[in-house]
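Shared between the two complexes below is chain A, which pairs with chain B and chain C, respectively.
Take a look at the complex of A and B:
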């Protein structure tokens, strides 16, 4: 299932971190943890209020409901954080030079924490009982309930977990957070997942790197050669999405849909 | 052991079951026979909680279990092998079997679960050979064996089976039914839904004929195989 409110979780992760750290003056790491917990709670509420009541509906209706939730969350974010953008503090504010390239130290945090999140997610889905149950639910809900898995709880856990991960991504990644950026964060995530092959964890990571690189290279190329503003970079992502959906809808690592009878 | 009283349920807007009464005695193989669309699958799905019962009730050891969620049924020892096998195709054979024991990891020591997995591998040696293979790549017969094996991993007292013969070659069907008989000897009670009347009556103790959502005939397997109407309609004699 695709959750189009995923980008909104990232926005909330960033905005909440801003409030906790810059307004309430909580140390940044603690502020980040609280923000992640809050985002997880938002995800859980979303599941109970909007997804759970649709548990017997067709999947397309549920997906449309997630679009509705994303609009709602965006409006809420705008209500509480009306400014165009908020500066989310970095974990450490030094910069470092490696092979002649100077980088913000935040880049290292992004890299390291992403790696840890990916490893934890992998371990969770493949080596823990609840994680395997969740995976079973995603493959076949009915069969999962017949082996004794409580599918309603699993849905709640998975929404909380993905909201927490989205929130974490939003707060480590964005130097700025704004109520309006959720949609394109979501589209970028979705594009990465589609490029790698929907449902394939490592495909999604690879897709993310690939989409980021392509976007950066094309935006840079357009700016240097034609003087076109890099503000068009979001359009590049959308273009990648369209091209992949047209030419290879199963993604790079995806298999074609097919059921053996 | 299991008693169904006046059970009615709907498939969409169609009344798929009309006041069905049936009994499953502990230790028996009870079979529900009937043609396509007679309501056999809906009956099993209602018993295991996948389809809500509109009227009537289901008693298990005298306890009312009508409309409990499927995972509660598993906890109480009722395990359903669904129509079309419904294995977890992206997971390995071993992972499928482990998920069968999902509710037992907190309750039972891992040695007990290991013992049951060995039992399943002894019953279906081919699954042992395919242990780390992705389940979706198995043949139809192997998938059926895996579905039964997965259901056994919850250590059921009552096994509900929905058309295990469906789409399989005669030899594979014989193998699977021989295994069902073996399970029966181990003391597992079986409620078997089948379209293949002959093969079901061969191993069953008692049977019901379901037609258009109603029980139209019941009797011991022997009585049913001697019944003139059944001979004509279902056995083609």
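Take a look at the complex of A and C:
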């Protein structure tokens, strides 16, 4: 299923962190944790209120409902945070020099937190009961419910989890948060997931890295060599998405699987 | 041969039979033809400019019908139809502005351009379900970026201005009523054409491949060719609608044809009812009029402070209510407005029950 509201969770993650740390003056790390919990709660609410009643509907109806949720969340974000952009403070404001390269420490935080998030997700999906149940659900719902997995709980958990991860991405990644940035974030996320192979946790990191690198490199190359403006950058991600979907739908690292009829 | 049989059939049909069989379209036609005559007396008291909006409804109906053929009948999701509208709009207005081709020809050429581009990207039709949705979404982003960045041709974000009005050979359509008739005559013909298409060999093939592509192929249906055909047809509709849009507004920029438009088009189809040709009108009407009705409601009460508060918060309230309506319709009328309501009247079945089960198609 595609959740069109996924990008909106990232937006909420960023904006909530801003509110907690800059308006309520909570220490930034604590603020981040609270923001992630809040987005998870929003995700859970969304599932119970809007997705759960649609459990027997056609997939396209569910997708349209997530579009509705995304429109609603965007309007709410604009209601509470009406300005164009908010500066989310960095975790630690210093820079590090390593092997002659100076980096803002925020970059390290991004790397570290991404790694931690991915590790946790991996462990969750492969070594816990709930995670394995969720995986089973995504493979075959009927079969999963036959062996005693509570499908409706799994759906609730997976929405909360993906909202929490989306929120984390939003607050770590964006130095600026604004209500309008949701959709492009969602597309980039989906592209990374597809490049790494859907359902492959570690593939997603490589996918993300690869997409980011290719985008920067091609945009730079076009600009320096052909003098084409860097405005085409946004199109590159979309192009990567289409090419990978056509040529390697199982992802760069995935194995090709037969299609069952 | 076929023509002769058709003539015989028409000669044998009594007018009463014809009317009974085509009651819906006839009523619609009479409504549409007479609408500009009496709309003035209605639009004043309720504070909605009906005629102006109805032109848009016609345009969106054209796209929605095409998308409905693709999504409702063939089961292929597309998030790229806003882009096809953009391509049609730019093709038509550039040809009219730069090459000074008469508008009635540029509209046809715009359809042609949209079809060509849809054929170029048709390999993505191999993908299924969400993958197809994401690939068409990628196409929408690419075409938006290209329209924005090709500044030498499209003037980028500034947009094109002074696009000529709609015209027929020798006549320029200047008034709003003229534009209304121009658009709705095209839209009505397209509705009739699509209805007949659905009941033809092609339509049955599409329904078959919607249900199961493998089964359809074993029955000898060339599924990939049919998918390409219907994709190109719906792209042609979108290109036509985009061209009409450009010529009645005389200003376009890439921002109009962003991803949001594609999503709104999808919403129209599902809201009106999938696999329902007439549902497309309902979907387009609701999407076009809902914001205007919301805007007009405070005027009905004539309360000054309420109106003030409403117009201050309008930019937030409108998407919020739109989102909620969308979700509620999906939950309570999963088969769309037309299907839900017509089932209610015809079979006394609650519109809140979904006659289509999960697992059919996408």
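The criterion applied here is as follows: the second predicted complex is superposed on the first by the 243 of 261 C-alpha atoms of A that agree within 3 Å, B and C clash if a C-alpha of one lies under 4 Å from a C-alpha of the other, contacts with A are read in each partner's own complex, and residues count from 1 in each chain.
Basically, contacts are C-beta pairs under 8 Å (C-beta built on N, C-alpha and C of every residue); 3 or more make two chains touch, one makes a residue touch a chain.
The model shown is predicted, which means the values in this text are computed figures rather than measured ones.
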Should A:79 be classified as contacting the first partner (chain B), the second (chain C), both, or neither? second
For A:205, using the defined touch cut-off, is the partner it touches chain B, chain C, both, or neither? Pick first, second, both or neither. neither
Considering only the touch criterion stated at the top, classify A:110 as touching first (chain B), second (chain C), both, or neither. neither
Check the residue A:34 against both partner chains and state whether it touches chain B (first), chain C (second), both, or neither. neither
Touch check for A:147: first (chain B), second (chain C), both, or neither? first
In the superposed arrangement, does A:45 touch chain B (first), chain C (second), both or neither? neither
Of the two partner chains, chain B (first) and chain C (second), which one does A:118 touch, if any: first, second, both, or neither? neither
More residues of chain A are touched by which chain, chain B or chain C? C
Please write out, lowest number first, the residues of chain A touched by both chain B and chain C across the two complexes. 261
Quick check on the complex: what are the chain C residues that touch chain A? 71, 77, 123-124, 126-127, 129-131, 133-135, 137-139, 141-142, 145-146, 148-149, 214, 259, 263, 266-267, 270-271, 274, 315-317, 319-320, 322-327, 330-331, 334, 354, 356-358, 360-362
Okay, in this complex, where on chain A does chain B touch? 129, 132-133, 135-136, 139-140, 142-150, 259-261
Which positions of chain A touch chain C when the two form their complex? 1-2, 4, 50, 53-54, 56-65, 67-76, 78-79, 183, 187, 190, 194, 229, 231-232, 234-235, 237-239, 241-242, 245-246, 249, 261
Complex contact set, residues of chain B against chain A: 48, 50, 69-71, 74-75, 79-80, 82, 86-91, 95, 98-100, 102-103, 105, 136-137, 140, 150-151, 153-154, 167
